[in-house]
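Shared between the two complexes below is chain A, which pairs with chain B and chain C, respectively.
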Partner chain A sequence: MKGLSLKPLLLCAVLLVILLLLPPILPRFYTYILASIFVTALLAMSLNMVVGHGGMFQFHHGAFYGVGAYAFALLLFKAHMPLWFGFIAAPVIAAFAGLLIGWFCVRLTSLYFGMLQISLGSLLWAIVFRWYALTNGDDGIHGVPIPSSISSSSNAYYFILFFFVLCLGVMYLIHRSPFGMTLQAIRDNPARCSAVGINVRRHQLMAIVIATFFAGVAGVLFVVLEKSVFPDLLFWVLSLEIFIMCLLGGWFTFAGPILGAAITVALRTFVGIYTEYWTLILGVLLILLIFFLPEGVMGFFVQKFGKGRDKEAAPARGQHAES
Partner chain B sequence: MAFDLSAIGSQFLVGLSRSMILFIVTAGLSFVLGVLRVPNVAHGSLYMIGAFSAFSITKLVPGPAGFWLALVMAPLVVAAVSFIAERALFCHLYQREHLMLLLFTFALSLILGDLVKLTWGAEYKSIMAPKLFDGSVHIFGASIPRYNFFLLIIGPLVAVGLWLFTNKTRLGKIARAAAVDREMVGAVGINVSWVFAFAFVLGCFMAGLGGALMAPTISITLGMDHNIIIEGFLIVTIGGLGNMWGAMVGSLIFGLSQAFGVLFWPQFAIVFPYTAVVIVLLLRPTGILKSVW
Partner chain C sequence: MLKVENLYKSFDKFLAVSGAELTVDKGQLVAVIGPNGAGKTTLFNLITGMLKPDRGRVVFNEEDISKLPPHDICRKGIARSFQIANVFPRLSVFKNVQVAVLSQQRKSNTLFRPAHRMAVEETNRILSSVGLLDKADHLAGSLSHGDHRILEIAIALGNEPQMLILDEPTAGMSPDETSSTMGLIKRLAETHGLTILFCEHDMDVVFNTAQSIMVMHYGKTIIQGKPEEVKSNMEVQEAYLGGADA
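After this line comes the complex of A and B, so read on.
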């Protein structure tokens, strides 16, 4: 473990100050986009805890995001629970779903892990999609009652930014903790870890639960921003999209997924204004990336400008392809 | 609730015929997975292109001739598209790690999806099966639309054809050998890159064939790629990765559980096949039949 050097910390602080000052000067639309990027980035970061740092094929992470969002929306909309209760309960429910699904999944490895998770996650999706009495089915729930003190455009921005930064801080601490280190060791060599007495499955399950908790937080923030939920949140296409964000940004780096999420959301928004064929552009961009920046955008910068940082990235590559 | 036997029988046959389409699509997916070791996310898009091309061909050539022509030509169109994608881009990536290949096929599916939208527009399309397939067939008191009966015949034919190809022809044997040990195949002087190209194109051809066969039974629309591809991956996984007969077993499980789900609990019919997949994976984590991986 090495301590934080001053330079990146300073950079983060400057960035944070800029983000805090933005809403009064930016048009409302852009604050909305930024908030949307924070939510997506938090989701991608939570996925990367399992995929990038844990080496598991978490193929249906969106399911937990959706569970968090739906739990929050239903608690407020149907059960009329107080707001604070929803904030706490929804991520816990998402984490519980993660525990339940993860408990089955960690019994399998690699692609089989991913496939089992897709089918279990799709079960959740199918239930949400079809259970009209509870979830309004494919209509979704609109107009979730959120007080305007946190849901007005700039207030929502600050609210989301606060939780985004808070979660990132906690994630970073977990990433650097002995637990995080063990997890990365398991990713690089599960057999050896198991041989020195680490309970591989329990660590993996723990990582899934933590990651799904944060996915649940992202789900809550999504509802704060949009005030509505719909079954597409649990559909596997979204899960694949966030998986791609991790790869796009660079999944061997800590902050890469933020970049991946920002690129994807910005692309969807701004290219989407000019043409409805923005996924075509995204596809071409991805292919260019695969050919020219295989480490992801962030990975590229780290490799080019970072000193000694590739240490943590380098050994992962070969192992990952085989696992 | 009471169900008469003939309703169950009919639903069984309809499920069986749907399984046959799933089989044709997933056999291609499984073949690519077995030889190239790549989960081809673009497979669903190629299936969609197959259905849309079938629509265009039946528009160009009206009447039953158009339908039969579409069954032959649509898969060839798909094969041509996949050949271009493979030779121009994909073949340069074989040395790269797996997730990059997966990412590539995903990017390809994004591009193909939008190209379909550009070419055919976003409206629903439909194809009429020829007059020959009007009405229904009665078997043991159960009735089934004639077109579905046709699918019941064509599915096993394709399975046998594919089996003969991979086991009895030289090219098929080389492809299977490349799946097991690509270096050895290269060492004996065979151009592995072209074997991969061939396997990829053949797999995609199957996707196109499945799309063309499916076209008369559904409305052809954007987004049909998303539905089929996830089912495809689950089927291939529970059957055993890269195993053609596994694709058959998986398709039967998936198709039949869905058909009976419709019969017993229509609202939650889609839950049944996913539940079946979960049960299979928990009991036999690496699929029912032997995986080539």
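After this line comes the complex of A and C, so read on.
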């Protein structure tokens, strides 16, 4: 790992330019799909920070996405707050929810962590679902007032792309920082980490707070795209979906979840046209994945072509990838 | 420097440690011996905070540390290695040590600086002092058993401890590896001014290296003293040095 080598950087730049040039060419529907992939990918990335790099079973990460989206929608729709305030406050509120729930969860390990997390997350869903006076319950909130300068089809696309890339950059910095490295060390061996003087729980909690902040950002972007919120955003099914995205893309890689999100959203969109049972295809894909690409799609490519780079992020599962 | 006083720990009514006593003076190389299941590892886990004692005290530099969590005890200056190789298999050898060095420098929470440029010098110094520098880029999971054990020690050194606790540092090593590892440990003790507490099965190793030996049996301290004193102690011979077969 000797800093950024030029090639991947160039690749990213080219990709970005293509993405910037697309909206005038593409039909509106496809810009929408792409934007929706960015939002979902950001959410999956934030989950992967906890699951893939942190080794914590954050089963109900979608709850914080929902909290971010609802906070943003309510601040604008009910409290009539200015837009910029909503942008800042909503992710902070999501992170605060992450702090509250995470504070309890980090006291447990592995599956117990997951069970508690899914119950507390579902509690958030129940609140949103039941509290009619505030959230309109299962009707959701529609027509969130967002100026068309950022919410019209191609403007929303650019807006979302900008924040997606920005968040990705920040997450990448965190991933490679001592904090990120220590987080991965905790994933590998929490007992050893506490023996070298690392406060494991505090570190894990910090990771959860950061990840839920980004989930909140994804929630805000969702509202920018859809101008509405509904309780399904906090339902566990969505959390399962993004969990699958991480697995699908490769949860020990940095960018894997983006790929996983793209595959899943594309499947939902294009197979969903023909059958409402598109999850069936996803299920089959997942089974194939577990058998043939246990490291995920991205993990597979990194292993196969990634000559050294990102190697330690995605070694063979048997932990014996010789360098 | 370290004093263990009348320590007790039970698991489901099984007394793993019952009345352990231990004194380690600054700069000493102290060994704990005893048959399998005598409670040596439990004792080390109690000292380093991985387990909480039911009764008794652990005093380090005049301070009761028996109720502190492991990371705080590490901060006080006690680092340890584990009996079962306990490293970060998915990280490179370099990063394994770097994690500890960064923790020592209180930089584990640094968010926006690339880790690969930090603490490089210190980490390399430690790796070269234990002879693992040429394997710095290898994944820890791919190391041989012997190198695993050495990496264990290197990670512990990353914390710049005053005292190093090694749980069977030569377990599973060939005689050659054992003697070179013990040589390394002695050398580290001298060059770093480290106080070292270790436990070991190989009696020759213990009596050749340690300046003070503590004998445990059924969780209890039988004797602690200089190697000659321990050797001549009959009770010990009964408990450990062949008394079982005789």
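Convention: the second predicted complex is superposed on the first by the 308 of 323 C-alpha atoms of A that agree within 3 Å, B and C clash if a C-alpha of one lies under 4 Å from a C-alpha of the other, contacts with A are read in each partner's own complex, and residues count from 1 in each chain.
Methods note: contacts are C-beta pairs under 8 Å (C-beta built on N, C-alpha and C of every residue); 3 or more make two chains touch, one makes a residue touch a chain.
Here the structure is a predicted model, which means the values were calculated and not measured.
Peer 1: For A:Ser119, decide between first (touching chain B), second (touching chain C), both and neither.
Peer 2: Only chain B is touched by A:Ser119; chain C is not.
Peer 1: For A:Ala13, select first, second, both or neither according to whether it touches chain B, chain C, the two together, or no partner.
Peer 2: In the superposed model, A:Ala13 contacts neither chain B nor chain C.
Peer 1: Considering only touches as defined above, state whether A:Ala191 meets chain B (first), chain C (second), both or neither.
Peer 2: In the superposition, A:Ala191 contacts chain C only.
Peer 1: Regarding the shared-chain residue A:Ile150, is it in contact with chain B (first), chain C (second), both, or neither?
Peer 2: neither
Peer 1: Is A:Ile174 touching the first partner chain B, the second partner chain C, both, or neither of them?
Peer 2: second
Peer 1: Tell me which partner A:Met206 touches in the superposition: chain B (first), chain C (second), both or neither.
Peer 2: A:Met206 sits against chain C, while chain B stays out of touch.
Peer 1: Per the contact definition in the header, classify A:Thr182: touching chain B only (first), chain C only (second), both, or neither.
Peer 2: In the superposition, A:Thr182 contacts chain C only.
Peer 1: Pick out the shared contact residues on chain A: the ones touching chain B in one complex and chain C in the other.
Peer 2: The overlap between the chain B and chain C interfaces on chain A comprises residues 320-321.
Peer 1: Quick check on the complex: what are the chain B residues that touch chain A?
Peer 2: Touching chain A from chain B are residues 39, 41, 89, 92-93, 96-100, 103-104, 106-111, 113-115, 117-118, 226, 230, 233-234, 237-238, 241, 267-268, 270-271, 274-275, 277-278, 281-282, 285-286.
Peer 1: Touching residues of chain A toward chain B in the complex: what are they?
Peer 2: 104, 107-108, 111-112, 115-116, 118-120, 122-123, 126-127, 129-130, 235-237, 240, 244, 247, 276-277, 279-280, 282-284, 286-287, 290-291, 294, 317, 320-321
Peer 1: If we count contacts the way the header does, which residues on chain A are in touch with chain C in the complex?
Peer 2: Result: residues 1-3, 170, 173-174, 176-182, 184-185, 187-189, 191-200, 203, 206, 252, 311-312, 315, 319-323 of chain A touch chain C.
Peer 1: Touching chain A in the complex: which residues of chain C?
Peer 2: By the definition above, chain C touches chain A via 48, 50, 69-71, 74-75, 79-80, 82, 86-92, 95-96, 98-100, 102-104, 107-118, 137-139, 141-142, 155-156, 158-159.
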